Amino acid sequence: MSEQEQEFSGSDVQKKFLYLNRRAPYGTIYALESLEVVLIGAAFDQDVSLAFLDDGVYQLLKGQDTKAIGMKNFSPTYRALGDYEVTKLYVEKESLEERGLSIDDLMEITYEDEDDDWAEKPSIQLVNRSEFAAIMAAQDVILSF
Amino acid sequence: MSEQEQEFSGSDVQKKFLYLNRRAPYGTIYALESLEVVLIGAAFDQDVSLAFLDDGVYQLLKGQDTKAIGMKNFSPTYRALGDYEVTKLYVEKESLEERGLSIDDLMEITYEDEDDDWAEKPSIQLVNRSEFAAIMAAQDVILSF
Amino acid sequence: MSVLHTVNKSPFEKAAFESCLKHTGPGDAVLLIEDGVYAAVKGTAVADRIAGGNGAVSLYALGPDLAARGITESAVIETVKVVDYGGFVDLITEYDVSQAWL
Amino acid sequence: MSVLHTVNKSPFEKAAFESCLKHTGPGDAVLLIEDGVYAAVKGTAVADRIAGGNGAVSLYALGPDLAARGITESAVIETVKVVDYGGFVDLITEYDVSQAWL
Amino acid sequence: MKIGILVSEGPFTHQASDSAYQFVKAALEKGHEIFRVFFYNDGVNNGTRLTVPPQDERNIQSNWTELAEKHNLDLVVCIAAAQRRGILDENEAKRQGKDADNIAPGFRISGLGQLIETGIESDRLVVFGD
Amino acid sequence: MKIGILVSEGPFTHQASDSAYQFVKAALEKGHEIFRVFFYNDGVNNGTRLTVPPQDERNIQSNWTELAEKHNLDLVVCIAAAQRRGILDENEAKRQGKDADNIAPGFRISGLGQLIETGIESDRLVVFGD
């Protein structure tokens, strides 16, 4: 990995990557393996956003406790995304509402803004369904899981 | 297989097996691998029924031609089920209707009734949604794919 | 004869939950497991399918799958009983046959 | 910038098709492949989602997947253009980015 | 009671194998007999000994293998499904002219008849899939 | 154009790998360049040489291997996803203390960075999954 990182850190190609998450955690592995791509991808100095819509919003729910199903609880990793300079997490408002959820049901995910004296800011941005088409159209690469 | 067949052909255990098919062919392998269980299961002198509901009704559509996707067209196998003494194929009427289909869009599947001078009879029986709960409740084993 | 129906899919992602509800008979039960447990939550767009549902059908949800997904028992619709894996086993033995809505 | 959306799931089984339609912008296109092609058929319970749909979005279905499933081109809704794998490639190059609704 | 299990999905990607494992453990604790666990469709992928999951995650294959050893479980991988997906034991590898096999300890490869037999011989058959 | 491909599902169970294969063939016929085919999630299962599909069915693995030979394609299997699912090459088998490997000719195992690189270097990235 470090070789690749070096190879690209000097490159002036910077693309807009969107990771689009539409599936719940644990029932399938897609949420976890998507997150693993995001963490590796963070080494490549690209412009990264994550989107959570449909059942993808369930990935961010507070209070996940996987002990009794014998699987690893990977939800704390989302809160570490700020350390990887992944700071744009778009969550669809309508997807939350259909599921009886509000932003208060989601984990608090923040980052320190280096352009603003390292002030702590929320990473999650609520986005209306109608705005998502524009977000997608602004990307160079969409990885959907 | 033949060993098992012998072992069970003498057994007086006869159970009602229902194979419940709810998925379309080709997009996933479940339809094909369900059919493979039915064919092997036919060697075991059990009381076998197949049910097709939801997207499962697509498995029986006429005129499937898989040349251009490079996959094997396994739909002719359904027409051979009569030779395996698999003669009860329940198709849900409402599932057909929602998909704009009628029984005329399905393959003709028949069997020769040994109790009726080998008269050729249709294997497919249209069943209303409301009747399916009773069909399921009458089974000893339901294998769903 | 009575049927235990299991649903392991989110009602928002797949038609399995809806199809299951349309195919239950009196005396049957529905057990929500894996991503199916999201159907047991109060206040969602599908909650009335359970809350206002067929009283002749008993409803269960698997506690370990609720907890994994961050759903507290107080968020679960009152008519849904929460069971653990042992309760899942008991349901399988209590009902005559099981049908998995995959 | 314009987006090519691909849908590979049956509209009767999964919410992907419906979610895709809700997230297209003007100038986008939707290509139905694999089990997604069932959404292109006339006279189904979801046909009006396409036929009465957003005219600003172009609709395509993959011919090889239609044929495999026994769907003749005459059964396909008029506003849906049928393409082969070469046409799929052309669409990918014509639109700026693609999004797969899995 | 005598309970049979069908697992239709591979490890990790879907929860099916995990759910089946937890169910089987609970059933054994309650004194039930597990007639057989039959692995079909992608379920055959549970039976490869070549997996190396991350150290902080469960090892689904070895979980099954250990449970089988402890309770003398019969874990059967469908031969037809296994051939499509590249799961082989030593005999099958030889017969198919392959230079390696990958079946895990505690699993055996056999025919689909073993699934039908599970349905006939068990009081209940429970299906875990996608 | 330079096109990158992501395949997220294994062979046979979902059509994803077949669709990707047909797409890649068509793209090559039209003179496009395939930068890389990256296999992730269950997609890594496309890269085992131990499959023995029925003789009247397509062999998905050998289809990919032959296409790669003919067109010098770069077929990359994600190492992390492969470890979870038991896909190993000789080096990995040695490193993990496993007694066999199963990677198919024409496939190589590498890191997730190769997927990001595919996104950066390709004009288009096309995802085939479930």
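As written, the chain order gives the labels A, B, C, D, E and F, with residue 1 at the start of each chain.
Going forward, contacts are C-beta pairs under 8 Å (C-beta built on N, C-alpha and C of every residue); 3 or more make two chains touch, one makes a residue touch a chain.
Everything numeric in this text was worked out from a predicted model, so none of it was measured.
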item	value
Steps needed, at fewest, to go from chain B to chain D via touching chains	1
Joint neighbours of chain C and chain B, given as chain labels	D, E
Homomeric contact chain E-chain F: same or different residue positions, threshold half	same
Farthest chain relative to chain B (centres taken as mean CA coordinates)	A
Farthest chain relative to chain F (centres taken as mean CA coordinates)	C
For chain A paired with chain F, centre-to-centre distance based on mean C-alpha positions, whole Å	26
Centre-to-centre distance between chain C and chain A (centres being mean Cα positions), rounded to whole Å	30
Distance between the centres, which are taken as Cα means, of chain F and chain B, whole angstrom	34
Multi-chain contact residues (two or more partners), chain A	22, 26-29, 54, 69, 71, 140-142, 144-145
Where chain F touches two or more other chains at once, by residue number	8, 12-13, 15, 19, 22, 41, 57, 80, 125, 127, 129-130
Of all residues in chain D, the ones touching two or more other chains	8, 12-13, 15, 34-35, 64, 84-85, 97-98, 100, 102
Pairwise touch network: line, ring, star, complete, or other	other
Inter-chain touch pairs (all)	A-C, A-D, A-E, A-F, B-C, B-D, B-E, B-F, C-D, C-E, D-F, E-F
Chain B partner contacts - residues on chain C that touch it in the complex	1-3, 15-16, 19, 22-25, 28, 96-102
Interface residues, chain E side, partner chain B - complex	6, 8, 40-41, 80-81, 111-117, 119-121, 125, 127, 129
For the chain E and chain C complex, residues of the former touching the latter	1, 3, 8, 15-16, 19, 22-23, 25-27, 29-30, 32, 123-130
Residue numbers on chain D that touch chain B, as the complex places them	8-10, 12-13, 34-35, 38, 41-45, 47, 63-65, 67-72, 84-85
Chain A to chain D touching residues, read off their complex	20, 22, 53-54, 129, 132-134, 136-142, 144-145
